[in-house]
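Shared between the two complexes below is chain A, which pairs with chain B and chain C, respectively.
On to the complex of A and B.
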């Protein structure tokens, strides 16, 4: 328990997590529960995106592809077979396998080239998957999508809420550990200066592919939860909108900070919910995404670190000033 | 025979439209090292503004001119306010141009509504010629002619004029050009505007070709244009026209024979190029 007591930030995390865990038992609101579940799911997606963008410096415009693979895997397994825990596990396994293979191939093809290529190829591949989902009607039922049943454990909304919350916390801790591991340190070195990392003797390509695979698999898992929360899947999971959501969440929340991705997910989902309500008042709010687009552009130009990153920078600066002052006092 | 001819004509017309989009992308990339993900948005803006002017004034020519002007203006604004602040930072550039794409396509829906707009070719371009038992649709020939004209024009600009010389030198070595006392920033803006104008022209030509335009079409065409840019070689202008024709033809033939695979074949081609020759099929620097 030392790590909680010694670190104020960790203590805050634990308190928030405990609060969220207890929330459904004290405050009963179905809408709130569903919204929060959605936030947890998208937080997983945004964190996986952050691993690429914030920690390794890779831009992907096809993250929806992995998300969609997860969503369709679970949908197809639950629809074709009995909705049991065993088949759920199969679906998870299938998702991990497919996303790992796809992200590996994409990484192998483009990560040795300039960063534009990865962005382009993922974007085009995601488009290909979208077409595939539309055309392969026997399996995906095309544009209309299909509903499916989920294993009993996931039927209860409160249960599902807690499972999603715990998964999000697990992914957060895993990624925290991952980015602080020696491998994660190399990834951050690549982000800062690729040539120098290479000249230090690291096989940059291998590390980048590793990051790409981990991010792809996690995005697939987010897709599984997303489809299960709706108990319905259609081609929208492969659209650019999902990628854009992940991108907005990561950028606005703060790149390279994991927590930023979670905060971003919360902000965007809450805002989406609120602005959809406002759309009844004035039609401009129906196009709520435009506000986020503008905010996003401004953030990229003026606050490239996002909310969390900018806050961190300020506290870091203050601390440095304080320590400088202390030193002066000691010297004086 | 008839069928083959028609498919070829169709493919060439589509190829020319993709070329108009890809040419700007590749020129901008070659000179400024910026891959403009918002280029598809400019294409859609050209289509909407051009078709809107065309339907209000009734003159297709004015519509085309309006679209090109809209492209120039948007290109100037984009270069000045969106791209300039982040020159030199690749990741920020990629991110910001995608954000712009989002804003541009949403703005279309705000101004012209979320529904599709319909567009028909003007009277003198409607219908077709019949030669023997072959039917040649006039509008397709028109698109191919315009595409070739633009290609020749840009080629002339690049190869025979002073400004083209500077652009070509800039592609090779920016710093050296600057050291010789040429304001490369002005050249950047010029090329960006030309590229945007070409994209807008492609958009307005596409309107009557497909009959309907919608806000999502920018993204669809942008993906094809990226494939073309990769196959032709990033920054290679002549490569982009060949690759555009290749992609257009393969698209039209595959769409007829194996429609499920039409996008997949182009993707596969791109993947092969990425593995074997990432600097593009048609030589040039990578």
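On to the complex of A and C.
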């Protein structure tokens, strides 16, 4: 409680979380519930991406690979076995194991490379998973994908909404703690200057792999919730669009802030939903991806720090001006 | 005094360029060895080669009796060599406190004592303890950079142009602090400011066109006008 009272920002977070927790009980809109659930799921994905991009300085074009592994793990478990909580837990465990192993191996093989080579290689590896999902039809049903049932507790949309919200809050808190830990500080040092960090005695590769594994596992968990929200999975979960969405959400919200990733996810999902609705009014809105492209270009030009980054900058400037004014007053 | 570091005919390539073409330096324990030379002579590359940031392609580097020329940078750092780069290399997004905490390799009572000592040496760092490193002035960044290398019990400090771009009054401060550190550790200093170099240094090596061309005691160099004119451009 002291932690909340002492920090205004934390108090705001708690109020927003409480509001979102109560929302389904006071506002009955199925569409809004589904949309917010999607936002929570993509916020987990975007936060995991922020750990790579914003805190470690790694640009990955293959993040969808882990998202897809999570989505297919839950889909396959729920399709092949009875949709019980036990099988759900097995699917979560399988996702954690597979994403951890894959991200570890991918990291070990590629993170020695310079950033752009790493980005290209991760894109190629994600492509490999996409092809695998397309061709291994006996398991994945190829491009068509498959539907599946979910455990009873997840059938109710309100329950599922609350589970996704709580998961998002948990991921936020874990990552906040992680990035403020000594390990997190080293990751930020790597982002700022890799060579300098190495000359302080850190084996940079090990730290980058650790970040890659944590980000991969969390992206896999986002994939689980995504597939469960649709109760359907197909190869689209491995496509570049998913990675680009995560990148866009992180950049629009503000890299290296975590909360920016959540805001970015909210904005993109709301914009996506709004533009799709507007398609009924005018055909131009059917091509909503064009608008996303324009938003992206404008943000990169005018708000390179993203929403949260820009707000932080303005707050800092204001404080600086206030302190200069106070000094002047004292002197004068 | 015993020998701490020895560079024997070191050659270093950066890409297609042959930067160091035969640098030999001996650093004695407890001394300040200054590398002098014109811009582009290879002084910074010599320090980076010792740290493994630009690995040597030929020759040997022996530190405390062990060849370190083929070791990775982090291992060299863990052996007790601290590096203060030319561009300060502080982490602008981390606070002064975080910059220091990242630098500490093993947190124990000794490092806490050293940290206290550092904060008396550089009181500005204490003042801006919770501020991001990027907001510090050039001099404060330099102090932070030196403090980071000094917080661990490093036996050898490599300091690259600590006076570069600083106001004369700040240079004096940095110089004073290095003089104090000299009491406790061995230093290899790259410095263009001859006044600073000759005040702090015990012995010197002149690097010219990637080769070590001359060496000796600093007091000899102070009196050798011909050598100063020839290699350092000091009239």
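The rule is simple: the second predicted complex is superposed on the first by the 322 of 332 C-alpha atoms of A that agree within 3 Å, B and C clash if a C-alpha of one lies under 4 Å from a C-alpha of the other, contacts with A are read in each partner's own complex, and residues count from 1 in each chain.
The definition used in the following text is that a residue touches a chain if its C-beta (ideal position, glycine included) is under 8 Å from a C-beta of that chain, and two chains touch if they have at least 3 such contacts.
Since we're looking at a predicted model, the values are computed, not measured.
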Inset, instruction - Sticking to the clash and touch definitions up top, decide whether chain B and chain C on chain A clash or fit. - result: fit
Inset, instruction - Have a look at where A:182 lands relative to chain B and chain C in the superposition and call it first, second, both or neither. - result: second
Inset, instruction - For A:201, decide between first (touching chain B), second (touching chain C), both and neither. - result: second
Inset, instruction - Scan A:61 for contacts with chain B and chain C and give back first, second, both or neither. - result: first
Legend entry - Which of chain B and chain C A:110 touches, first, second, both or neither: first
Inset, instruction - For A:290, select first, second, both or neither according to whether it touches chain B, chain C, the two together, or no partner. - result: first
Legend entry - More chain A residues in contact [chain B versus chain C]: B
Inset, instruction - Check whether A:192 is in contact with chain B, with chain C, with both or with neither, and answer first, second, both or neither. - result: second
Inset, instruction - Quick one: minimum Cα-Cα distance, chain B versus chain C, in the superposed arrangement, integer Å. - result: 7
Legend entry - Residues on chain A lying within both footprints (that of chain B and that of chain C): none
Inset, instruction - Provide the residue numbers of chain B that touch chain A in the complex, in ascending order. - result: 29, 35, 37, 82, 85-86, 90-92, 94-96, 98-100, 102-103, 106-107, 109-110, 219-220, 223, 226-227, 229-230, 234, 260, 263-264, 267, 270-271, 274-275, 278
Inset, instruction - In the complex, go through chain C and note every residue touching chain A. - result: 51, 53, 72-74, 76-78, 83, 85, 89, 91-94, 98, 101-103, 105, 148, 152
Inset, instruction - Going by the contact rule at the top, pick out the chain A residues touching chain C in the complex. - result: 182, 185-186, 188-189, 191-193, 195-204, 256
Inset, instruction - Under the touch definition given earlier, write down the residues of chain A that touch chain B in their complex. - result: 53, 57, 59, 61, 109-110, 113-117, 119-121, 123-125, 127-128, 131, 135, 240, 244, 247, 251, 284, 287, 289-290, 292-294, 296-297, 300-301, 304
